[in-house]
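To start, the structure under review is shown below, and the notes come after it.
Note that the chains are named A, B, C and D in the order they appear, and that numbering of residues resets to 1 at the start of each chain.
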Amino acid sequence: MERIGVLTSGGDAPGMNACVRAVVRTALAHGVSALGIRRGYAGMIDGEFELLTSRAVGGIARWGGTILQTARSMEFKTPEGFAQAVENVHRSGVEGLVVIGGDGSLHGARELHKAGIAAVGVPGSIDNDICGTEMSIGVDTASNTILEAIDKIKDTASSHERAFVIEVMGRRSGYLALAAGIGGGAEIVIVPEHPTDMDKILGEMKAAHDRGKPHFIVVVAEGATPTATEIRDAVAAAHSGFDARLTVLGHVQRGGSPTAADRLLATKLGTGAVDALLAGKSGVMVGIRANETVLVDFDEVLVCNRPADADLVRLDEIIRL
Amino acid sequence: MERIGVLTSGGDAPGMNACVRAVVRTALAHGVSALGIRRGYAGMIDGEFELLTSRAVGGIARWGGTILQTARSMEFKTPEGFAQAVENVHRSGVEGLVVIGGDGSLHGARELHKAGIAAVGVPGSIDNDICGTEMSIGVDTASNTILEAIDKIKDTASSHERAFVIEVMGRRSGYLALAAGIGGGAEIVIVPEHPTDMDKILGEMKAAHDRGKPHFIVVVAEGATPTATEIRDAVAAAHSGFDARLTVLGHVQRGGSPTAADRLLATKLGTGAVDALLAGKSGVMVGIRANETVLVDFDEVLVCNRPADADLVRLDEIIRL
Amino acid sequence: MERIGVLTSGGDAPGMNACVRAVVRTALAHGVSALGIRRGYAGMIDGEFELLTSRAVGGIARWGGTILQTARSMEFKTPEGFAQAVENVHRSGVEGLVVIGGDGSLHGARELHKAGIAAVGVPGSIDNDICGTEMSIGVDTASNTILEAIDKIKDTASSHERAFVIEVMGRRSGYLALAAGIGGGAEIVIVPEHPTDMDKILGEMKAAHDRGKPHFIVVVAEGATPTATEIRDAVAAAHSGFDARLTVLGHVQRGGSPTAADRLLATKLGTGAVDALLAGKSGVMVGIRANETVLVDFDEVLVCNRPADADLVRLDEIIRL
Amino acid sequence: MERIGVLTSGGDAPGMNACVRAVVRTALAHGVSALGIRRGYAGMIDGEFELLTSRAVGGIARWGGTILQTARSMEFKTPEGFAQAVENVHRSGVEGLVVIGGDGSLHGARELHKAGIAAVGVPGSIDNDICGTEMSIGVDTASNTILEAIDKIKDTASSHERAFVIEVMGRRSGYLALAAGIGGGAEIVIVPEHPTDMDKILGEMKAAHDRGKPHFIVVVAEGATPTATEIRDAVAAAHSGFDARLTVLGHVQRGGSPTAADRLLATKLGTGAVDALLAGKSGVMVGIRANETVLVDFDEVLVCNRPADADLVRLDEIIRL
């Protein structure tokens, strides 16, 4: 293999740049050149390939976002678009591809693999909703961003009889909500995997108020039932003893300089992806298990559905006592 | 004067603890003892006075919130409540009072002053909406919290054709929105002092999109017209070329470890307040002008309405070019 | 088991408070009461035991340091001191002990276990030098503190032909130096496990200068050969083309609000320790492997010597290319 | 005036980029084009001028360092170098110059002004040692960096009988040491303006230990007498009851994303500098007083010596009680 390509795709995640750096420098360490493909599959179709030197990726590990940019491409899902993408890869001389992104991006990588292009995936998704790896790139940074928000709210919370409802990311996964809720000491965490009765939430709030709790913090993943806004409205209407305030963190959670753990994970996975390509692997994602990189077949990654982490659910129940 | 009292009131602001520390230690430096009054005027009525030693305020300067807690008291506005408060102050031996808070709190301090209790105010309000001082306690910390959120959104913004609408505090003042908008490079800032036509906002967004701007950041003070939610909805409906995402920071802005500037300002004002009481002053607020503390009559502070800072409005217009 | 005790010992590490919170609340969840023992083994000898309620540990997870304080106790190593400690534990009604700390602290726990007191250890050490666990409490926070320092130095580094030598913690372990060096993009990392020739360091620096590198960052663990100061002095004397500046982070690395990962790890380990005691275990440390808690015999933990992480050494070599 | 030039010179300071952004966009708002001059006076001699568009300075305000880089130029002080610099400015079409930097840089600007080139200075120096302005660019960010270090040390300090000696920047000015020392609650602050007897320092330390203080934090500006290292050594030798640990922050203090206050100050000063040039001014520095920009003659700026801020010295004495 003489040339590899790397792209970032889907929602961006802090640490993607550290992964790109690792891909490029591991390739160079093996005498393999590296091309960056801009804007994910969209750029693959539009032919936006560029040579990445060692210097080009110097200093990028500390930046949020991705220097390669991402995009969602409808065209890639059409036969014409896909064919164009495949043709461009071949024309560029790229013999192996590293795709950094979430489930949707890995789906695309599987299609390319089936079309005969060696492709290895790297899990990048702040939601931690990808199977086959303990952790995805961006999760750690996003957890810390949420935690800082909860900590700040706690500074002010104790002064008032207030319920704070905090909406965090996680359309189908409660990982971020649980991790930050446990760390931050939320009174209740609502996750997509476990729809919760509004009366139960209000009941716990009332009980907490009666026990003399000065405040009540609810962390709600955006895919949860009920939603953060619904909870805020219900609390406001319910005479729970608490006044209700809403915080919606939104895309703040996707940004920020990646943490040490995210940069290290991204480096391990990026290096592991190039190692895998050079070992002749394709159709696999590089995951992390017990501090070691592992290769997991795309089929295994993409059929599964991560349930809520049972350990975290238990810890959350203990900690909120 | 042998004993002073200190309380924090209204919305809490980072730096209030540094101010309490300064009040107590300046008093002690003059051989005057200090009582803390819990939960603002509510605690004054309920008799929640406690001796504050030098050690009791050691290490508190770095914490957000206020160790004395705050509350809003309806009872204080009744003749009975007020009379009880005055009686409790007299009974406690407090001969001079330092009131840290916003306009509402200073109103209360003026009433106490009129009732014969020596009272000096300190401006504490993250909104920077208090007249007679260049800066209030908490503004600097809140500005930085907002700025970090904008910076993080910018990490991810460049990857997508997205408009980000960020609601920040400021019910009647656009100071925070302008300061953070200028620092963070927002494309447009909407402030309460200048109601803005929705068509103008959408027009600027469209023009930016046509000029090739990859993203568009709108910072909106919570008291502005239109509101952040209205703008988000209008953008979503408008086919402006941008997808619209909302961030509502909420009470995150009230928390956090106070910045160096907030701790220093709070220390200057707290020391200045005790200096003023010991010099026989009452019915005044300690403000900061040109790095010096100044005394401003409550009447002057409370009748005025700070207009939007004309310099900031001009800078915002220049910087967004 | 009706009552457990918990203590923190040795150098403090961010996350110890989250672990104390988890120990107390897990105990309470099982109907077991919890005593905190102040100042580690010193307080055990002096009889500083106090009941920890759920509320007493509310909100502590976000604070650095340890509310139980730590100390190093010479007396505990004497037969008299040890006997007094054992007696106090028995008198307090504590039937199981959770000891949070590094190797020295776990040594003590092993002695107590041998003396018939049920004792379970939890690895707390920012150096990540404890065997039997992938990660210790405090490592993640310290890594981020170092990384932020490197990032800040990089802001200024590119303007000048300067070599920056940064001394970080790690008397016998290069983990922190490697993790932060890889994440931060250091040009060379010097670890205790691999003494390095000064000429090699200067040679790499000279080569980097000749290749046009605007700056050169050396991360040095405090136990490494040569030391940070020696390297700074050698660079200054060597006409390497670089001017040399030294940063010594010192105890800054032990502080700070624990990160999300440290709080979560500490919570898992604390809960796991109580689970182990309640299951009748003693003489073991709770470690983390592949996201699961594992129990490792003290003997296994304390005889070993963690070598430098070979994966990190390889990544460091690749990334610095 | 149809074209202005802007350069950053001397030690870099966070906020310089926000100032460059303001200079460029204010110029453009007036229909004036802007050239950036790389590497300060060195680049002026070497002819490193480049056109700065509005987009070229988009998004730079949040980065530490300076996109224009800085350098110290010996050649500029020679008649030949100076003549070359002047010639290059004329050849570039630059009719007015904005020089951002410290005293040395403003000296250079004064020489250019005398040579007939319209030149306006902007104070950029983390030390806050420039006369004629309340505040310089970078001071606020550096203060916060130091404060965070002190806060982190305090987390761990209370656990041990330790004296922490922290060296901070300030070769001739104690501003940073005082501001951070007051905010962080240092037990003693040693500044260059007031040489301090070692016996006095040790005496206060001993007295603190005898009063039961669990730790003792000494903040020392790098230009102070005695130095941080001397104090650490003296404490170690003195049997003061404290163990002594040293932290040397070094160039960490020059980096970091500029704070809200630094970005706003830099924006005001940058806009003010272009306003001044367009109003026909030269030979002046733009300072800030009472939130307004003021113009101060270079001669006034450069002859003076800022004494230690008497207010801060007093506050420090009160707060450490």
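The criterion applied here is as follows: contacts are C-beta pairs under 8 Å (C-beta built on N, C-alpha and C of every residue); 3 or more make two chains touch, one makes a residue touch a chain.
Computed from a predicted structure; not experimentally measured.
Look at the CA centroids: the one farthest from the centroid of chain D belongs to A.
Centre-to-centre separation of chain A and chain D, using mean CA positions: 39 Å.
Taking the mean of the C-alpha atoms as each chain's centre, chain A and chain B sit 35 Å apart.
One simple way to say how far apart two chains are is to compare their mean CA positions; for chain B and chain D this gives 28 Å.
The residues of chain C that reach two or more other chains are 151, 154, listed in rising order. Interchain contacts (touch definition given at top) occur between A-B, A-C, B-D, C-D.
Residue ranges of chain A in contact with chain C, taken from their complex: 18, 21-22, 25-26, 28-29, 54, 58-59, 61-62, 134, 140, 143-144, 146-147, 151, 154, 179-180, 182-185, 257-261, 263-264, 267-268, 271, 289-292, 311-312, 314-315, 317-319, 321.
By the touch criterion given at the top, residues 12, 14, 63-66, 69-71, 145, 149, 151-160, 162, 164, 245-256 of chain A touch chain B in their complex.
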